[in-house]
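Chain IDs A, B, C and D follow the sequence of writing; residue 1 opens each chain.
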Amino acid sequence: MELNRFQISEIAIEPDKLRLELQSEIAGAYTSFEGWVRNHNEGASVQALEYSAYKVLAEKEGDRIIAEALDRFEIAGAAAIHRIGLLDIGDVAVWVGASSAHRGPAFDGCRYIIDEIKDRVPIWKRESYEHGPDQWVNCAKGSLA
Amino acid sequence: MELNRFQISEIAIEPDKLRLELQSEIAGAYTSFEGWVRNHNEGASVQALEYSAYKVLAEKEGDRIIAEALDRFEIAGAAAIHRIGLLDIGDVAVWVGASSAHRGPAFDGCRYIIDEIKDRVPIWKRESYEHGPDQWVNCAKGSLA
Amino acid sequence: MKLTIEYYAVLKEQRGCSSEFLETSASTPAELYDELKARHGLSLDRSTLKVAVNEEFAEWDQPLKDGDTAVFIPPVAGG
Amino acid sequence: MKLTIEYYAVLKEQRGCSSEFLETSASTPAELYDELKARHGLSLDRSTLKVAVNEEFAEWDQPLKDGDTAVFIPPVAGG
């Protein structure tokens, strides 16, 4: 886990270790975001899900997002990591952390990074439901019959 | 550590344990804030600091803030803890966590709680500097000669 | 009327103690603080403080009763 | 012109493979996707996709060169 980098990970995310990377003597504020696998999505009961990524481009684009956050907000450091593979309910799918001298930029930077990850980074989610066929989230026409 | 409560603690804050309290099957988003003891404040080099609290009222007011956040934002759960006593550079002074189905309320709720804590909860900070006398932060006329 | 006063932070330091029992003729927190400020040379203006009576935030002009506990709250600095 | 195509997510499932070499006369990613969509019955409209060429996001109308690798990117759903 490197500071100011975005990483795709095939193994479990450990937020308590990741936050240590962002500690510095000038940082007085730290904000983190975690995406957890829920047991439902838009009304359907989710049993499991699988994330996949176009890893090379995902890490490039994620690095760009973090660089943009460092440029736009007064943050001391930031990092993010996204899990791929089969996940269970409760698993951490994504973690974002940002530190800064004051709390405003830490919140704004962290939120910017997760918003942009969800919008731009080539990662896909395939959900398995209690009832009905598996589905690729956001690909309505791509549902598996 | 209880869910939806604010607590004053005389022992070190352990964020990795606290976040577990907020996990639930419906929560897909988790946001945390930590205040870390910095090595400077408004240009002065800080060597150590001590937090003190009017504990009974601090915990009542903190609980009210969390209840307000639960009322105003679509969050599943929230909690906060503030350390008192002598702290060193890098120590966690305050931790806030909020979980929700979606990320917007988790960010907004977490930020509301820390903003209100800093504004309303009877906790005070006494800083020791490399140069100059100790000072009670925010009490300009109360600087110790 | 006998009251308990608790002191925190800079006020505790200036008063030199964390609580005291007091016989007073002050009928409101405002009168009480003015009395204590004059007697002990407390530095903070009342306008910068909040007050709590019996473990709840209170108004400066509410009547005090025998046995009440009053706490003057300097500007807070948590977080 | 020979190209490499990589497939991800729903496109990989529909195509039934994760990459292929292809001899094509398509001169842009747009022409290439239209060709593949028709041949393999891919469900996604081009308007819902992005495209990457040689590991960078690209324009639909930029010229393709022999040896390029093209990737069509379905709507993302990270987080």
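Points to keep in mind about this one:
Going forward, a residue touches a chain if its C-beta (ideal position, glycine included) is under 8 Å from a C-beta of that chain, and two chains touch if they have at least 3 such contacts.
This is a predicted model, so every value here is computed, not measured.
With chains reduced to the mean position of their C-alpha atoms, the one farthest from subunit B is D. The distance from the centre of subunit C to the centre of subunit D, each centre being the mean of the chain's C-alpha atoms, comes to 73 Å.
Centroids built from CA atoms put subunit C at 25 Å from subunit B. The geometric centre of subunit A is 49 Å away from that of subunit C, both derived from CA atoms. Shown for subunit B are the residues that touch two or more other chains, namely 35, 103, 114.
Among all residues of subunit D, those that touch two or more other chains are 79. Pairwise chain contacts in this structure: A-B, A-D, B-C. For subunit C in complex with subunit B, the residues that touch the partner chain are 6, 8-11, 13-14, 43-45, 48, 50, 52, 55-57, 71, 73-79.
Residues 15-16, 19, 23, 25-40, 89-90, 99, 101, 103, 106-107, 110-111, 114 of subunit B touch subunit A in their complex. Note for the complex: subunit A touches subunit D at residues 35, 51-54, 56-58, 60-61, 82, 93-94, 114, 117-126, 136-139, 141-142, 144.
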